[in-house]
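In order of appearance the chains are A, B and C, and numbering begins at 1 in each one.
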Amino acid sequence: MIQYLQNNGPVIQAALSQHVYLALVPVLLGIVVSLPIGYLAVRFNFLYHPLLNLSGILYAVPSLALIVLVPSVLGIRILDPLNIIVALTVYTVALLVRVVADGLKSVDPLVAEAASAMGYRRLRRLVSVELPIALPVMLAGLRVATVANVSLVSVGALIGVGGLGTLFTRGQQLNYAPPIIVGIVLSVVLAAILDGIIVLIQRRTTPWVRAAGRIAS
Amino acid sequence: MKKKNLLGAVGVIGVGMLVLAGCSDPTESTGGSASGGDSETITVGSANFPESELLAEMYAQVLEANGVDVKRSFNIGAREVYLQALEDGSIDLLPEYNGALLAALSDDGAPEGVTSPDDVYDALQDVLPEGIVSLPQSEAEDKDTLSVTSETADEYDLETIEDLEPVADQLRIAAGPEFAERIQGIKGLESEYGLTFKEFVPLDAGGPLTLAALTDGDVEVANIFSTDSAIETNDLVTLEDTKQLFLSENILPIVREDKSDGTVEDALNSVSEALTTENLTEYLAKVQVDKQDSASVAKEFLTEYDLL
Amino acid sequence: MNDGLLSYLLDGSNWQFGATGSIPSLILTHLWYTIQAVVVAAAIALPLGLYIGHTGKLSFIAINAANAGRSLPTLGLIILLVVLMGRGFLPVLIALVILAIPPILTTTYAGIRAVDPAAIDAAKGMGMRPMQVLFKLEVPMALPLISSGLRNALLQVIATSTVAAYVGIGGLGRLLVDGIALNAYERVVAGAVVVAALAILVDLIAAVVQRSVISPGLTGRRVTRRPTKTVPAPSTSPAPTGQPGPGTRTKAPTS
């Protein structure tokens, strides 16, 4: 194992940086795309169920299939990492739309009314009142989506673009455990770090949650 | 709730996106010396088995030693997949096997009577896609084989693939999933040798799962690659391909025409000349058995034969 | 182009029951693997979750299990176990079980913890012993969360067990892996559609089962068997002064 680590530093490093890139970009894109969609689902009630059902269906499609089919649908070159990014963005959006919608729905209508009464127009109310209240729920969903993404990127190895997943396929082809173990450990650590970052963001942007917790306990 | 905290979070996310968008994809250029401004980057690809990666690594390193900028894109998949990558420009160069490529690119498998390495090479020129050329081939070969354990060979009296014909319906065969549809696979075995196996078990082409299935007795016949040292280690019997279904399988570089120039060709030719079936098997064993990484083994090979 | 992509899915010959490699046989194999994995995972995670939830010890494990489990790369785990243990379904089963335990464990724990302490007090006041409190009160009240965890695990296993085809396992993943190897995208599309449909179908069935199993008191479902008019509660002791016993309370339906 030590020998494997000593000899394969660059390979592992390249795999890791590709993995980080492929995991993060879909999350950021997913946030950008799911916020408006989630908002629409709540604003226009007739959209709520169709959008959420569509999300559920997309989430049920196995990741491997989505990664492979994206090039055919979008006409991208087969090895382009964009395939993984688009596929994972679809997953992230599918997951986050529900979270955003439910988060916004959980805002007490009385609070929203109070804001309107104070003179907040719709957009300002959304940004200053509703989103912040929905933030805890949305950030919790974001944690789930981010961690899931880190795990899903490795599936791309089956078509040659997989970040740490290439360590898995290499280990399988050689019947050799060390690269696989290294890949799993790095993947879990990466997920933990990203999760921790979101928790930190959560604490900074929603300080009232902890305060409420302290008061309640 | 402080508005600036929310804005701050949004700002961080926004900046993050800009940074990532500006950052180039880290999958680019894992190595390669900086060359003159005009020279383009060659992307070297490989198929999803260790020998392909070893050969591709050799190509990559020898090109780098000659001042070419190289990007590596290994472990793509089986031929059906990486050919597509080659055609759409995702990769520019990879190691191939002349007979297998010929069979894959021809509609009904290789033309009749084309079996010697030179014949195969010539026939290959007719079927290569537009913009893709093959460089001179090596004498080193790695063939697809049908292999059985020595016990099975004794039990059914097997020496050649033809000998399988009377008993094939009692035998199970393991290979990669793509084997099922290939002329140099189940289809060809049916049409040329009249073999109908009891069961086809899709595992990994010439890989550890296929080998284990064979040695464990879960299948009787397996598709093992001829340069695999496991054949000797496990006392396997390679059935002779009397009807030349698997042709010759000389290793040769396949490259996009617009990426190939004198430097590239000379560098790759030097590798092809140095490779023999014996030394390939020997160095491959270092990767497959000793679990050394292909980059070091490739470097060892290139140093040994003075190619760097 | 879309016709080409849907061709494998729509080809009747791929749907013959009993034929090896046909879609129905792959579905059955896939379901069989899924059931095995979820049952084993539940057998481990449910008791563990109940114990941790009820006693409050080791809660750290239960709270963080879901997050940790989600971060494990499925493909890596499966491949590692196959390399260490050899071919066959057992290593894959172990990997799938490891992946299915966290959602069940976490939701079981959360469900038990979420039970109204007042109800637990009442139960203890009625003389129930700890085990009775657990099984007669806490479990039924935690059922919504527990069953959602089970549904979650089911969905996860159905979707992620497809990658196991990479190491030779059958099931619907075969369509995906073979399709990729053969560059035959119609198979991949067929696999994707069938897996998604199967996941949704199983989830719907699970939802129905969930609704019928969970006490109506929790779901708010109206049970039309119970009469909705006033029912005098039986008096447990004779009213000493002739006044009406503690009985004539209206018994409203719990909806």
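Please note the rule applied: a residue touches a chain if its C-beta (ideal position, glycine included) is under 8 Å from a C-beta of that chain, and two chains touch if they have at least 3 such contacts.
What you see is a predicted model, and the numbers here were worked out from it, not measured in a lab.
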Which chain is most central here if centres come from C-alpha coordinates alone? A
Maximum centroid distance from chain C, chain identifier (CA atoms): B
With respect to inter-chain C-beta contacts, which pair, A-B or B-C, contains the greater number? A-B
For the pair chain A and chain C, the C-alpha centroid-to-centroid distance in angstrom is 23
Which whole number of Å gives the spacing of the CA centres of chain A and chain B? 35
Between chain B and chain C, what is the separation of their C-alpha centroids in Å? 43
For chain B, residue numbers touching 2 or more other chains are 77, 81, 84, 204, 208-209
If you look at chain C, which of its residues touch at least two other chains? 82-83, 167, 177, 180
Residues of chain A that touch two or more other chains sit at 157-159, 169, 172, 175-176
Residues on chain C engaged by chain A in the complex (per definition of touch): 1, 5, 67-68, 70-77, 79-80, 82-84, 155, 158-160, 162-163, 166-167, 173, 176-177, 179-180, 185, 188-189, 191-192, 195-196, 199-200, 203
Chain B residues touching chain C - in the complex, by the definition given at the top: 77-78, 80-81, 84, 176-178, 180-181, 199, 201-204, 208-209, 212-213, 216, 218
As the complex stands, chain A meets chain B at residues 4, 7-8, 10-11, 14, 17-18, 20-21, 24-25, 28-29, 31-32, 77-81, 127-128, 131-132, 135, 157-161, 166, 169-170, 172-176, 178, 201, 204-208
Of all residues in chain B, which touch chain A in the complex? 1, 3, 5-6, 8-9, 12-13, 16-17, 20, 23, 25-27, 30-31, 45, 48-50, 73-77, 81-82, 84-85, 88-91, 204, 207-209, 287-288, 291-293, 295-296
In the complex, the residues of chain C that touch chain B are 20, 82-83, 86-87, 167-168, 174, 177-178, 180-184
